[in-house]
Structure formats: structure tokens, C-alpha cells
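Chain naming follows the written order as A, B, C and D, and within any one chain the residues start at number 1.
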Amino acid sequence: MVNTKDLEAHFEFECKACENGRCAKADVNSILSERKGLRDFYEAFKEHIKGCKRMTYGQYQFVIDREVLPEAVLWWHNHPEFKETHLSTAVGTDERPLNGHFVYMPFLNVQVEFANEPENYWVFLRTYLLADDPSFPSVAEKLPAALWIEREVKDLLGFKPVNHPDPRRLILPEDWPEGVYPLRKDMDYRHSPITEPKVEFKEKPEDTTLVPMGPAHMGIEEPAHFRLFVKGEEIVDVDYRGFYSHRGIEKTGEGRLTYNQVLFLAERICGICGYQHSVSYAMAVERLADVDIPDRARYIRTLLLELERIHNHLLWVGIAAHMVGYDTGFMHAWRIREPVMWLVERLTGNRKQYGMNIVGGVRRDILDYRKEEILKVVKQIREGTKTFLDVALNTNTFIKRAEGVGILPYKVAKAYSVLGPTARASGRKIDVRKDQAVKTATAYNEIDFKVPVYKEGDVLARVLVRMDELFESLWMVEQLIDQMPGGDIMVPIGKLPEYEEALGFTEAHRGEVVHYVMTGEKNKVYRWKVRAPTYNNLPAVPEMLKGYHVADAPLIIASIDPCYSCTERVQFVDVNTGKVKVLTEAEFNELSIKYKGVF
Amino acid sequence: MFIEYAIGAFILGGLLGFIRDYKSAVKASSFMAFLGSLLLLGEVYNVYTNGPVKVNLYGLPLNVTDVSAVFLLIIGIVGTAVSLYAISYMDIFERTGKGWVYAIAYNTFLASMALVVTVDSMEYFVVSWELMTLSSFILVFFSERKRDVNASAKYYITMHFLDTIPLFLALGTAYSLVGSFDKLSFENIGSALMTAPAHTKIVFGGLLLIAFMTKSGITPFQFWVAETYRAAPSSVSAVMAGAMEKVALYGLIALVWKLVGTTYSLGLLVALLGAITLTVGTLYALRETNAKRLLAYHSVGQMGYIWLGIGIGMALIPKGGALGAIGALGAFAGLFHALNHAIFKSSLFLSAGAVEYRTGTVELNELGGLGKHMKWTALAALFASLAISGVPPFNGFISKWLIYVSGYQSGNLLLAFGAVLAALISAATLASFVKFYGTQFGGEMERYEEVREVPGTMIAGQWILAGLTLLIGIFPGTVTGVLNVFNAPVEGNLYKIGFKSVLFSPVLFVILLGVLVFGFYLALKPSYGKEAKPWDCGSTQIDEDEYRINAEGYYIKYERKIDGFYRFGDWFYAVGAAIIHYIVRGYIWMASYFVKIVDTPYTKVESVADLRKSEVLYGDEEALKPLVRFLRIACDVLPGIRLGTFVVLALITVGVVIGILMAL
Amino acid sequence: METAVKLGFSLAGIIIMLFLPPYLDGIARRVKARLQYRRGPPLSQTWYDLRKLFGMPSVKPTKKALFTWAPYIALASAISAALLLPYGNVVPVDFGYNLVVFFYVVLMVSVFLMLAGLTVQNAFSHLGSAREMQVILTVEPLIAILYGVLAYNSGSLDLYTIMTGLHLTPSLVLTYILLAYALYVESGFVPFDIAEAEQEVIGGPLSEYSGRLLGVFYYAIYIKRFALLWFFISLLTLPWIGPIGTPEKAALVLALQFVLTVAFYPIIAALEATNARLRIDHVVKMNTRAFFAGLIILAMAFMGW
Amino acid sequence: MAESASYTEKLKRWDRFKAEKFSKKAPVTTPYPFIDIEKPPEYRGIPHINPEKCIGCGACVNACPPDALIMEWDKEHGVKRLTYNAARCIRCARCIEVCPTGAMEPTTRFEVATDNKEDLVEVVEHKLAYCEECGEYLDFTERQIEYVRNILPKDVFDAYALEDRIKLTQEEKMRRTVIKLRETEGNVYPAFMLVRETKDDGGEE
């Protein structure tokens, strides 16, 4: 709801282009000299680079030819100096209405040096694909991290990754017809056709038998279908088919909602890490609208993010215990977690889906008596978790099950660009909270915390990483309460600039959440790409499973803390409600048109 | 009285084989074999009622003692069921077209076994033993597949060396002791052995022991068993596993024990051999995925049980008193288990044959879901499996249980440990038969949707045996009378069996179980809501046939655990194979040497390969040629003397030499 | 003792054996709940569950008769095993009052559980059956050895003799300890419930069962657990309280058995609550170790220690 | 949201353990369905439309992300229907924020389970104003007009002579505007005014 006061406020608001770094007038040379590695890349691919711009602070975009796409991606991914650089994901956009081309844009998280915010940055490699032939050379066989990304754009936009090793359908359901691409602009978001289902699965290896885990299996909370090819108890090979809960949220967001409504939709991408998504989205929009939100808002956001991390890690360790039948651990972990939920309920008004964010700030303030509450709960949690860990890590059987199981070596983790605690348990030293510049959305740059990293890469290591993070988060919460500045909690944002793009990101408890937003006309979102951490972690799970028992499978799968609904995103609005909405929407439109000419 | 008719029936069956048409020949001869086996049972009844009988069958001195009655019973039961089964089963070998071969060999096989356990003369014992070996050998390669032929050659040569030669040597020793062929009856030999020096006894006993160990596949001579039983037609495997091995047991009892006499240490040796064998055989069986090989290894293991029981008897009976009683119990248990094993093992082979008859394979990894279409076969297999795994109230339980009782109470660590091994192995047996049953008859596979139930006679054959497992299990009293040749202090009547206060009443148990089962069934009648395919986690399009665990995967972890044992076993097996190889070379050498003696042109044969290259039957002739020639010449030289004598003469020299060496 | 008393005791035994097991499970649930800071269900919750299951129709995944009959046979054998145990000093139905028979009859429960799991075309139940079998495969030799020790110690496999004739030696004490372990494994409590592991193989052999048949199977399993525990308790108590002449003393003994059984269950529950489920190869390894320990004990027993 | 003194007191005093009959020691679970659980005052429960206050302006409908609030016109019967469906509501409380009259009232109710979906729906019907001239129904309700009357300062009314024109259909207004323009030709000022006005009114509508 925008009214004139907001608009005026917005107009007074002076441009902080220079610090904020999205300056339209910046020329290529100055851009290239801003960060290490940019110029090298420019030199390496001079003749293929068509353009280069700074999208916003610490986010650079090169327009390159599609022929050199694999080389360019690999140039960054296997950069000799920037060890932990990884392919974050790719965005496919249908920009035919704008310039008659498709756009395929992989982007990488370039880590020049760990925890060096001003130096690290994001690189977007934008390639234009012809409208009649949207094909591009596949990087997947050299870089497994791109396997799903390319399959996804193949499904949703009809791009053709040339000689992709595994060009099966990834996202769309079996009974979705060929040649209908939901994310193309010429398809209405209510249209969901159906044909004869056709499925394609991996071939069964010799003299093995089949154990299907899921879609509905006790060891998996959400629908996901692992095909274990086993010899007795031993897993020989694995095939994965997921996206049973694909809900096409991006289309919905692009289809009909205003940018503030999308915020609430984003929060409901996931039941567990919803706030991370909403913060990421808000961050993206604020970045492209060039807004600095008040400090108090940043602190409140960070506080809630960390509280969410705390209770998510407790929840996860509970589930891990449950997977190996250690129900006492499960119950106690969740008992310890519960006060956080109550606390958050009091802070925001809900246990989950806080609804706390608004583009440009937060909606509720943290009052002093609540601060006491928080400190009390933090103390409680710290003690509770300490005792819990003492018990759990001294439970011989539990350790037996977790130790040396589901090992993910560093190389594989890097190749699949695995994220978050899973990666840190395999020795990857990455954490966007410290790596990338977050200072305009959250307050991580102003508080002190460590990033635990383990080398073993087995399930036990993942448990320990998460537990260490949990204690770090508690310590962070205390700092935030301590340092919380006063002042306003939101700045109103009026009209958004059109066709600007920016990236928002947070380190969810599973890894980096990435929201790419490109605005359209009248405060709508033209393209909104969500990438949850599980999207990068899940393809590595079959690698972890091979060679272990069927008995280990649930634990291993759970050990990456998979969130299928995050990964697979929201369903198409079902036709009926869609109709209702359309009716009213149509009426509103004509009404507004009528009222234009009142008197 | 019956036994002559039985032999006659067998001979007639053999002659019937000369009917042109394969099928009718096979059917007729099998039927005659069936009649003959029935007559054998009649003989058993006869002996059981009016005591041992001595018969002179055209110069063959037969003496049907109570011991031989036991084995006649075994042979009779197995023969009856299997012959009935074979009437339809042998059709699958029609393409070989050699009806007469089967007819003669099969009948000879049964007849020779009947003779072995009844003749009262060492030389005829040996002769009919040889006849048994030869006929079984011919039956083994009856299918004429390459692999089967190899197996049969291996079997035959092994038998010649570890069976025939020791027997002949023993025979020579006996001759050197007694000094005449006409008086080679057992009691003469026995009385002669009384006075003979100790080491003669040892040699005689040792040679016989080796021969019988080989025949009943006791470790380390079990290597031939698996492949042979796999190669043979299932009905023949059934007879070999059911009856032939027991014949070797008869040898152990009648010759070694009764003649040579037993000592504590000898008993311990036999028991130890038994314990080792049952461990080795069954643990190997656990790993097998081929139904018939699995059964073969199990028959090795079960022979181990039997030898353990007999061993306990041989060890403890001489001690007399309470221990003696326990020993007698052990021996009784051994015999009882011999009978039971004959019954359920042949039944299992028959069910494997039935599966082969319909699906054409016995590879457990490929089979599945047959229980739906072959209900009766499945049920028979289930009975036999439960029986062999010693689940009450089936017969296997009782004999096993008695073996445990005697072993645990023997007060000897070794024997007790044997019993412990037996218990461990009964678990392994259960395991591999859960696999055996589950993989063949469990589940439902589209692959075998059109499979039908086997013909009536086959079902009848299986069910004679399967029914007996339950019958004997519930009323052990029916057979204890025949079996109790060691007059063990087996308590109880028709409804109870046991030793001292350790009693088990199967009838009561069955009644209780039945009442409870049906009571609960009626009290809580199963009410089915809807029918649904098995829950596959709602996955789209999975291959139903592969949605299972195959036989290979069942106990993979446990097998990993005892992997060391298997590696040792395989190493041992390799060594054995090498030994066999050299024995073969030696045999070839000897064969050619014999030929040199009777200087006739001789086609050059250096290795088994050469034998196998030539026509199969001919190959066996090659192997036998020297003996045959030698005998023929002998006949020319000395007319009017019985041929059998010369068989002995042929090897007597060697025997005498060794006997004298021992005497010095 | 005259038949009336015997009858009375048998009746008491039957009542205990039929009605106690679900309550024992209820106790276990309560104890677990308390260890997890929960309220927990009422003691008779297991009975409610069973009643509910008995009231429901089953889904039929196969036409095999064995699938229908296996639960009943399992239940029947569990009950007959329980009937073979001494209540006071009275054995309700004595069809073979000795170790091996008892052991095999208890085993029949697992056997039919496995066979039932194998009748359906379902990889999970096959896996469960294979696991159950491997557990038995490794734990049965251990039990056999321990029976050997008992038999040698008392001079007979007959339970009457054992219950009276045991004399205390170091090996016997060790035997009791190992026997407790073996029976714990045999009754499939956590961490040895790998055959019915919910999260791994959805219920194992039971995964195809539902409604009334499932209820029957559960009931059979509860009674089996009870029988094993009661057997251990009797072995623990009966040999040391001397000959039981009078009904009063027998009643006292029965009460003692009852109390001990009820008292042991919370311990089991506590063990269950504080452990994660093991993997099959862990169990195989542990049981093999226990087996060799048992061999040593057997040797000790035969050396007279 | 507005926090009066008593309200903040309540907030401070609110204790979960007391409110939900928890004991601080084990067991921590509650026999929930059998006791009633009281949510903290901050809890964003199901909003409730107060028909007295609601003027049917539709601001909430604009703001609502999941279309839990729907507005329908029924020109025949002269009714404007505002429907709230708790089944679709995500409790984001945006409607409460944007409601100009505070008709959307926050509650701490959270139990929406029901066997009858009708229970979850609240419908508020508003009478549409009708044109004094032609008598056909306008697009906005009586109450909207009242509200506009109350909030707009008197002089604005007089300046733009809203009093007599507010209850007219578009066409009528257009006609009059044209007439008015004719009267004062060459002077663009009223037209500019009109534009400003529409903006104001539009804001309310």
C-alpha cells in the first residue's frame, strides 16, 4: 500500500550511489579495477565479452558469447587462487518481450579470501540465446554442479544444453507435456496441461535388486524418491527423482503479485528457513532500489536469522537422532528447541513464518522486556544444549552409527559446489555471512563470530559443525542484543526502478540462500529466481550413499538437512482460486481505470 | 521273502528299459522301481516282526539284520517316493533319448544299494558297492550337458580312488586274514579280526573308514558332492543324497563298528569328523545360490550330524553304564537323523526338481513367486525346510534334539562342543532354508505368471516324503522300534519320546498348537478390507520383479563376517583339486600299465581331457578298460570259477603285500 | 501338590501370560516417556492399540495362505512357549519341559515372522526378514553354548533338574550375564530391533501387515518377550530357593517372579531409551564376540570352575 | 501496533508456563486438546472484520497476499460484499496494518480446524450508494462516503463543492464537469483541482 507521503519521502531520499555502488555512469575500466580477478577474466575472454556492468555493490555482470560459456564458468570455478569459488546457480530468463532473446545467466560466488567482505564478490555471466534456437554448450560433464541447473532451464524454459550427460526431466511432473515451458512469458500461470505420464530412470546394475526409498518413506520427511540398487544391505548405485512438491512459485511471483506480496510468498517457500528467504528477497529488492535500511532493522533481522538458525539446528539434530532410532535424543533436542519457538512467537507474533519483514525494514520493534526474555532463553538453550551434547555424544551406539558414514570428500564437495554445514564438514571454508557484503541488509559485518570447519566429512562431522554453529549463534544473539542501536525500523519504498536486477543472499542453516530479482513495470517482479541450499547439496547425496548400508541411507539423506519444499518451490495456484482471483483482479483493474477519470 | 521279489522287480524294470519309446520306457521302469522299493519296505516289516532272516539268492548270501533293516527302510521310502516322482519327472530329459540307459542304471542303482546293505559277504559287498558307484555315475551324466559330464567324470574317478581302491585293499586284507573267498562272511572276518594284531585292525578299519567317509562326503572328502548332485537329475540326486550316503553309514556301522570294534578315541574321531563336516558343509551351503548345490552341501552337513551322533555312540557305548546309555542314545539319534535326513532331503531335491521341471532353472537369484502357482510343491518344500531346520513338530527336530541331549550330557568337552556346533549349524540351516523357501516360493513375480503345478505323480512323490516328515515328527514311536538297534534307553511311547526325564511329547505340542492356532483364528477371524499391491513407497513405475532381495544378498553381512572361513575352505578346495588332478594322472598311468600287462593295442590316453574328448560312455569304457580286459583274460584262463572271485584276485596281491607288511 | 492347586497355579500362569505382556509394554512406554520428559500414555495404552488393531480390517497384498496364517501360528507358538514355563513351580502344559524344546518353540515366532515377510513381493520385508535371520544366526550359537553350560552344571537339559540342581560357580555367574544379553538380543529390543526398524526398512517383515493381523503379530511379539524374560527370571530365582513343598511357598515364588518381571521391565525400557539402533554388521560382530566369550565360559565350566 | 499502558503491562506479566498449565519440571508436554492453550498477546491470530467499523474500501483486499480477502460487487442488489476466508489466510496481518478504520481486528485465535468450511468464512455486505440523479448504484458504499465526509476538511468540501456531487455516477460527474468547465472557460484551475481531488478520493477508495 503506497500513499503520497511515502512517495515524497522517497523523493527526498538522496542517492548514495558511490558507497552503495550502483552508479550508472561507472565506466568499464573503473569497474574492472574494483576487484581482484575481474581484469584477468576480462583479458582472458576479451573478444567474447560484449559488455560489463556493476549491478550493485559487489555484484558484477559480464555479457559473454554462449560459445565460451563452459570455459568462462570453469575459469572462475577452478580459479587457482580463489579456492572456494563456486558456481552458485544460474538464472534463465525469457526476455523476448524486452529484447527478443532468452537469457541464460550462471553466477558464481567468488571468494578472493575467506571472510574478506570488501574483496569478495559475485560474478554474473549473462549470455543471450536466440529465440528460435535457445541452445548453449553444457558445462555439466566437466562440472557436476551444473547438472541440475541445466536440466532445470531445459525443463522450465526449453533451453537446450548441448551434450549434457544426463538430459532427463528434472522438475516438471511425469505427466507434463513436452514443449510446454512454464517459465516462458507467453504461458499463463494458471495453465497446467496433462498428458500420459512417461518416466525415465537409470538402468539397474547387474545382479542388484531395487529398494525404492520414497516418495513416501518413514526416513524421509518430504516426498523424494531415491532408488537404491542394492546387493542385500549394501548400496551399489543410486538414482534420484525429486520435485514431487514443485510448486512453481517463481511463476506465481512473476505472474500477479506486487513486490511486497511476493515477500510473504517468499517467506512461505520453506517451513523451516522461511525467514532466510524473506530476508534474501527483501535484500535483493532493497539493493536494486538502492535503499539502506535503518540499522535497528538490520539488527532485528540478524537477531531473528540467528534465532532461526538455533532452533533449526536443534530440530535437525533431533531428526538425525530419530533416524537412527535414538528417540530420547530426538525428544530432548526438540524440548530444548521449544523455548526458542515461544520466544520468536513473542517477538514476531508467530512460531514460524514470522511475517516480520517488509521491503525496507521490519514490522515490529524489539522492546526492552523482550530483550530480557531473549537473554533468559539464550542462557537456557546454552545449558540445555551442553547437557544434551554430553549425553548424545557419549551414547556409544549413536556415535557408532554416525561416525565414518556418508563420507563426502572435499573434492566432490567442491565439484558439486556443496554449501553450508555440509560443505564445512567436508573442509570447505565458506560462509556468505562473512564472505559477501551484507552490510546493507543484515548486521553480520558488525558482530564477531567464528565459522567452524571440519575435515572428516562424515555424518558425525556434520553434527559437530552444526552444534558449534549453534553455540556461535547464541553468542551472536547476545552481541546483537547488546549492541542494538536505536532509531527507526523501516524506510518506506515507493516505486521500484524498472528492469533492474540484483541478488539477495543469506547463509541459511543449510547453506547460502540466493534470491535473484529483476523488476518489471508497475512494482511487479519480472523475474524472480530462488535457489535454496539443498538444491546444491542434494545432487551430492547419491555420491555419499554409494557403498553404505540401506540402514544408513535415511541418516545420510537427513545429514544434509534436506528441504525439498525449498528446493522445489511453490505449486501453481489451483485453477479455481485462480479464477476467483482473476475475477476480482479484473474488476479492480477496470475500476481503477474508471476512477482515473473521476470528475 | 520280499527281497528276492524286490530284486526281481528291479531287474524287470531294467529290462523294461528296452522299450523303444523313451517316455514309456522310463515310465514303466520307474514304476517297476516303485514296486521294488515297496517290496523292500515289506521286507523291513517282515524283519521287524520276525527278526533277522538269512536268504541265499542264487549264491548271493543275504543276511537281513536289524541294522540292514533300518537302511532297507531308508532305501525303500526314498526309492518309493522318488520312483513315483520320476515317472513324470524324467520327461524333461527326453531329448537325450536314452531311455534304456536310465532304466537299467536306475534300477541297478536301487538294487545294488539294497544288496549292499544286505549281503553277508565282503566280496559281494564290494562288488555291489562298485555296481552302485558305476550306476550312479552313469545316472549323473545322464543329461549329457558339458558341465554335468565333467562333474560325473570327477565323481567317478574320485570314487575309484578314494572308494574302490581302499575297499579292495581292505578286501585283500580281509582275505589275507580269512584265507578263503567262500568264508568271507562278516562274522568270519569279525572272528578273524579278534585274533589279528592291532595294526592290522587299524589298517583294515582305516581303509574302510576312508572309503565310507568319501562316499558320505565327510570332510575333507566332500569336494565331489556339490557338483555331482547339481549335475544329476533331481530324482537321482534325491536317491544319492537320501539313500547312497546312508549306505556308506551302513558300512560304517556294520563293517567298522561291528567288525573292527570301536574305541573311545575312534568314537571321538568320528564325532569330530562329524562336527567339522556339519560346520563346513552347512556354512558352505549358506553361501550357495544354486538350489541343488545348496541342498548338496546341506546333505554334507546333515551327514555330519549323523556321524556326530554315531560317533557319540561309538565313543560312549563301550564305557557302559550311564554314559553308555547316553552313547546308545547318541547312536540312536544318529540313525534316526539318517532316516529323517533321507526323507526331508530327498523331498527337498524333489521340490527343486519340480521347480526345474516347470521353470527350467534352479538358480535362486532368478526364481521367485512360485508359491502362488505351485501351491502343493510350495507346501511340501515348506514342510521339508522346516523339518531340516529342526522346527518342531517336524521329524528333524526330534533327532537333532536327541543329538543335542546326548552331546550336552556326554560330559565330554569335545562332544559337548560338537553339540554346540550342531546348534549353531541348525541356525545356519534355518537361515539357508529360509532363503531356499523364500526366494523360490516367496513373493510374486510376473516372470513366472504362467507357471502351472507339476503333474500328479510328482506331487504324490513329494507328498509321501513331506507327509512322513510331519507324521514321524508327531509319532516318533512309529519308527523308534525299527531304529533302536542299539537298544538305547529311549523313554516314552507313541506320544512321547525322550531320555530319562528329558521328554518331549510332539502330540501334545501339536494339539496345543493346533487348538491355539484355530482358536485364535476363529476368535479373531482375519477380515480383509481392500486388496492392494505391496507397498512400494508410492514410487512411479518400479519393476515389480526386481523389488525384492535376491538370494545372493540375503546374508551378505554374515558371510562377510565369516569370510576368513570361506577363504580357507576355498584354499583347501584348491589343494584338494590339485591332489585329485595328480590322482587322475596316476590313474591314467596305471590304466595304461594294466594294458601293457595284457599287451593289447591301446588308444593313447594321457589326461582326463582325453577321456572326455571321446564319446561319453566310451570315455567311461576307456577308464574301465584295463579292469575289464584283465577280468576277461582271467575268465579265459580259469574257467568255471566265479567271476566275482577274480575281481578280488585282481587286487589281492596288493592287499596281501600290505597285510603282510603290517603283520611284520 | 494335588491337582486342584496345580490347576489354580496353571490358571494364574495363563492369566498372567495372556494379560501382563501388553501392560509390560505400557510400563516401558511410560518409563521411556519419563526419560524423555514426556507425560506418556496410560499403562493400558498398548491394550487400547491392540484392541484398535483387532477392530480394523487388513489390507491384502497377496493371496498366499501363509500370509494369513503366519500371525496365528506365531501367536500360538509364543503362547505355548509361555505355557512351558514354571509359574510358582507348576508348568501349565508340559509337552517337553527342557531347554531345547523351549528355545525352539520360542524360535518359531521369529521363523514365522520371517516366512510371513518373505511371502510378499516387497524388498523392505525381505530385508527385514534377512536381518532377523542374521540376528538369530549369530545369537543362537551363543544361547546354545550357555545351555551347554547350564546342562553341564546341573547334569541334564531337563528344566526340572536345572531349576533345582544348579550349583553356583563363577562360570554360572558369567553364564547368567551372557544369557541376559542373549535373551535381550533375542527379544529384539533397541538397539537390536533392526529387523523392524521403522525409519530404515518400514517395519521390516511387518511392513505389509495391517489391522487385525498386525495386532496378532504384535501380541505374539509381546508374549514372546514376556516368555523370555519370565524364563530368565525363573532361572534366576527358582534354583536358589530350595524345594517348593507347599502351595503357600509356591504362591510366594509366583509373586516373586511376577514382581521381578515387572521390576526388570523398566530397566529394559531405560536401556532401550538410551540407545540408538545398531546396524546389522555391528550386531553380527558383537554376537560373534559374545560367542567366543561363551566358548571360554564353556571351557571353564568343564574345568569345574 | 499501538500498545496502551495496560497492554504493555499484560505483555510483561504474560508467562507461558502459567498460561498453559506447564510445570517447569518434567513432564513438559501438555494434554493439549483437553486443556485450552492461550497464545501470547503478541500472537498474530486470525483477523476478524468488525462490521461496525468496516467501510468496504478494499484496502485490505489490495494488500492481502494470498487472496484470503475478496471483494465482489453486486450491482443488481446494490451490495458490495467483502469476504474473508480464514482457510486461505496466512496470518500476515497486512490487512490490519492497511485498514484505515481499524475494522480489521487482530485476535489470538489460532484453532481453525473445523468440519465445515463455512465456519471459516466471514462475509460483510455493504450497501452501495446510489446516484441521486439516475438512481443507479455507485461503485462505493454509503460508509465510504461518510468516511470521506468525516476525514476531509470542510473547506475542501466547499472548495470543490463535493457535497452535491459526491453521490453521482461517473457519467453524471463528467457531464457536470464539462458544464462547469464551459461556465468558466479559459480557466484551467478547476480541472487541475479535479485531478487533485480524484487522487484524494482514489486514496480512500
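Simple rule for what comes next: a contact is a pair of C-beta atoms (placed from the backbone, for glycine too) under 8 Å apart; a residue touches a chain by one contact, two chains touch by 3 or more.
Everything numeric in this text was worked out from a predicted model, so none of it was measured.
A count of contacting C-beta pairs for A-D and for A-B identifies A-D as the more extensively joined pair. Centre-to-centre separation between chain B and chain C, using Cα means, comes to 38 Å.
Chain C and chain D have Cα centroids lying 68 Å from one another.
Each of residues 209-212, 217, 230, 232-233, 335 in chain A touches at least two other chains. Shared contact sites, meaning residues of chain D that touch two or more other chains, fall at 28.
Across the assembly, chain C contributes residues 37-38, 123-124, 127, 130, 202, 280-281 that each touch 2 or more other chains. Chain pairs recorded as touching, per the definition above, are A-B, A-C, A-D, B-C, C-D. Remark: chain A residues 1, 3-4, 257, 260-262, 264-265, 268, 335, 338, 342, 345-350, 353, 355, 363-364, 367, 369, 577, 580-581, 583-584, 587-588, 591, 594-599 touch chain D in the complex. Chain C contributes residues 54, 56-64, 66, 68-69, 72-73, 75-77, 79-80, 83, 93, 95-98, 100-101, 104-105, 107-108, 111, 114-115, 118-127, 129-130, 133-134, 136-138, 140-141, 143-145, 147-148, 151-152, 155-158, 160-161, 202, 207-208, 211-213, 215-216, 280-281, 284-285, 288, 295, 298-299, 302 to its touches with chain B in the complex. In the complex of the two chains, the chain D residues touching chain C come out as 26-29, 31.
Residues of chain B touching chain C in their complex: 368-369, 371-372, 382, 386, 389-392, 397, 401, 404-405, 408-409, 411, 413, 416-417, 419-420, 423-424, 426-428, 430-431, 434, 437-438, 442-445, 498, 500-506, 508-509, 512-513, 516-517, 520-521, 524, 526-537, 544, 547-549, 553-555, 557-558, 560-561. Residues of chain B that touch chain A in their complex: 365, 536-543, 546-550, 552-557.
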